[in-house]
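Across the two complexes that follow, chain A remains constant while its partner is chain B and subsequently chain C.
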Partner chain A sequence: MRRRRRRGDDAQAVLETALVIPILLLLVCNFIAVMVQVTVQEQLNAATALAAQSRFQAPENAIDPSGTRCCGERGAALATSGLPTGCRYAAETFYGTMTTDTGLLHWQGAPLCTSGGDSGNAANAPAQPVAYAGSPPNAEVSCDIGAITPGGIVVPGYLDRSLNPPSGLDVVTCTAVASLDFANTPLAWGVFWTPTLRAHAEALPPPFRQ
Partner chain B sequence: MGGEFEGVPRPRRMPRARGGQALVEFAVVLPLFLFCLIGALDAGLWAVQTSAEVSAVEQAAMVASSAGGSPTSQIAPDARAVTASISGRLRTALFGTTIKSWCATNASGDCAPDAIQRCPSTPAEVQGADGPRVVVVCVSEADPPACTTPPPGHVTPYPPGCEDSPMITVRVVGFVASFVPPGFGPGAAGFELPTNISATTHTLRFAP
Partner chain C sequence: MTSPHSRVTRGRCQRGQTLIVFALAFTLFLFSLTCLVADAAALYVWSGRVQAAAQLGAQSGADAVDPRYLYGATGACPQGAPGACPVPIVDVSAQDRSGALYAFQRACIEAADQSAQVPVDAANPLVLKSADDPQVPDGTWCASDGCRVHAQVSRVVQLPIPFPGFPGTITVRGTGDAAPVTGTDVATSTCTGSAWVPAPPPH
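Entry: the complex of A and B
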């Protein structure tokens, strides 16, 4: 009688362990995955913010000459000929900053640079942003140039070059979207979700810009 | 009352075999429990440290990009000045880790021009130079090629990009303190994890 009860106890202990260990590991895996997501999101935010600021750090009317490519190893396919130099600056900054954890990311490509062009007249209806001719269509970061109204509303694609424009200040808005995939990591054992990370940053021109 | 307390029977003595079983179970579960506990703690600590590093290098990149006397300067900002601007933020998060500037000094004790500087490319390089649980802040500048007279058939400016403003890169690289015991992590000394975070931006360009 005693022997049978002990064998039952053993089986119960084994069963408990078999249930608890995977749950425990599942919790740890998902906790680590959330921490990774937080840090990658931070990095994406920083890269996008610096890219938006870099867009204004090129001379105002500079255009990339033919044969210009950018962004080192990962963005070597980005040809920026004919685009405003600021677009390449934004891309170079983004690719230069977003250097770690990139193996976990699947990017949603978008046109590198869009603008509705200069209006120069506040009476004109704001144009919808369109990609510059020749803008790489599948960049990991996308920057729109537009105007921010005194009410704080961003009108993408609208640009007014007049002094103290009634439409508001120029503003650059950069976005980057990627999904975080743990499939090729040990965490894939217990992480079954694929979060989408979005970063969005706006920058105003610095004073005394050339 | 004998072996009972408020109606609950209390075993007077655990049989020796069952005591041994409990000990074995405890010995099996304890490492697993510690592994999970330390893993969760370390993941949280790592996230806090990495987030602090990311925001610090972002701030440092902005400081470094606007610190030059001229937008066409050929000299990177002094790494020690940039380190000082972010060390407070880093120290708050990187407890147990030493934060240093990475710069080769010249005869007068200043950081040498960036032509001589070379940022460490791996955390192991920092560990080899400065020991365990040390991160360094390194500032480097990539200057565009000098403009030359274009060969026939090419347009000015030549080569393409020669009129660009320099690019500044700030890197925080090394090993940060962690709970990973010796022999389990990538760090040779134990209780450390590698880090390599950088931010790049063009220098600000102002009207003369």
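Entry: the complex of A and C
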């Protein structure tokens, strides 16, 4: 009688363990996934902000000579000849900062170098930036940067009309969008979501460069 | 002499007492664990954020020097003196200055405060500090040694689940250094050899 009860208890313990362990594993997987997401988001924010800021380290109005290439995700190289040198500096800074967990990211490609965006106000309609001719079309980071061409033509950057209203201030913006995919990791067992991470940064020109 | 009946009763009481003590201890343990995990996660996130803000602040400060200095250009001499004089790396002349801070400090503090989301008032975290706000108890301090801009950012972080009896806030700090550089393909750093400011920068 006692032996039968002990067997019943054992079976109950096995059943309870079998029910609880998957739930615990699911929780642990999702905790780790949230931690990874937060880490990557912070890294993406920092990389985008530093990329926008690094435009001001480039010599003003310098244009990359023909044959110039730089950085890129997983060994790819971006051709930046004919583009403002600030675009290449931004890209180098971005790829140099995004170093961890990048294998989990599916990037939403965009033109590396754009110009002419406008935030708009009551008197002016907002405008979307336009890619520079020859800009790599599928870069992981996209920056809106003004320049002066060798012919002396002024190419505007992003006009933020909330600054210095109503005429606005020509600023540099950088944007990066990627989705975080756990499919090729052990976490895929318990993580069923694929978050999209976005980072947008705006750098104001320093007083000596306004 | 104790009767068998009273011994059984005492055994039951002790079992009940053990259960209560275990329940209380386990509750305390679980609560402490929850506090530890939540607070450690918040501090982990904020330490990364503040460190990135310090790096951005230092970079922003390094970009805010006069680029004419980096290329050895000359400009008008101070106080109307005749001839051409070397351009100073920072805005030492009164007409270039705005407030008590130099341009590189102003740019450094603005960028770092905004990036680290340092609020003017802890009760209203949406209004962030600017360079003109006092940078205490948290905020940014920027200085230069003549080669680099050094930024120190501190941010008071409110712990999500403070443990009773312990402080509910912790100050997280980050530091960053950046140098103004010249060049197109190969960056060249420019060191003046002495601090850029004629007096210790305002703290």
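FYI, the second predicted complex is superposed on the first by the 160 of 210 C-alpha atoms of A that agree within 3 Å, B and C clash if a C-alpha of one lies under 4 Å from a C-alpha of the other, contacts with A are read in each partner's own complex, and residues count from 1 in each chain.
Here is the rule we go by: contacts are C-beta pairs under 8 Å (C-beta built on N, C-alpha and C of every residue); 3 or more make two chains touch, one makes a residue touch a chain.
Keep in mind it's a predicted model, so treat the numbers as computed, not measured.
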item	value
Side-by-side fit of chain B and chain C on chain A, or clash	clash
Partner chain in contact with A:T85 - chain B first, chain C second, else both or neither	both
Touched partner set for A:S66, first chain B, second chain C, both or neither	first
Contacts of A:L24 with chain B and chain C, given as first, second, both or neither	first
Touching partner for A:T99 - first (chain B), second (chain C), both, neither	first
Touching partner for A:Q53 - first (chain B), second (chain C), both, neither	both
Chain B versus chain C as contact partner of A:M35, first or second or both or neither	both
More chain A residues in contact - chain B or chain C	B
Chain B versus chain C as contact partner of A:A13, first or second or both or neither	first
Stretch of chain B, among 6-14, 60-68 or 96-104, that runs into chain C once the two complexes are superposed	60-68
Intersection of the chain A residues that touch chain B with those that touch chain C	35, 38-39, 42-43, 46, 49-50, 53-54, 57-59, 62, 85, 206, 208-209
Chain C - residues contacting chain A, complex	41, 45, 48-49, 52, 55-56, 59-60, 62-68, 91, 96, 98, 103-104, 106-107, 110-111, 115, 180-184, 187
Chain A to chain B touching residues, read off their complex	6, 10, 13, 17, 21, 24-25, 27-28, 31-32, 35-36, 38-39, 42-43, 46-47, 49-50, 53-54, 57-59, 62, 64-68, 85, 89, 92-93, 96-97, 99-100, 206, 208-210
Residues on chain B engaged by chain A in the complex (per definition of touch)	17-18, 21, 25, 28-29, 32-33, 36, 39-40, 43-44, 46-47, 50-51, 54-55, 57-58, 61-62, 65, 155, 157, 160-161, 163-165, 167, 169, 196-208
List of chain A residues in touch with chain C within their complex	35, 38-39, 42-43, 45-46, 49-50, 53-54, 56-60, 62, 85, 203-204, 206-209
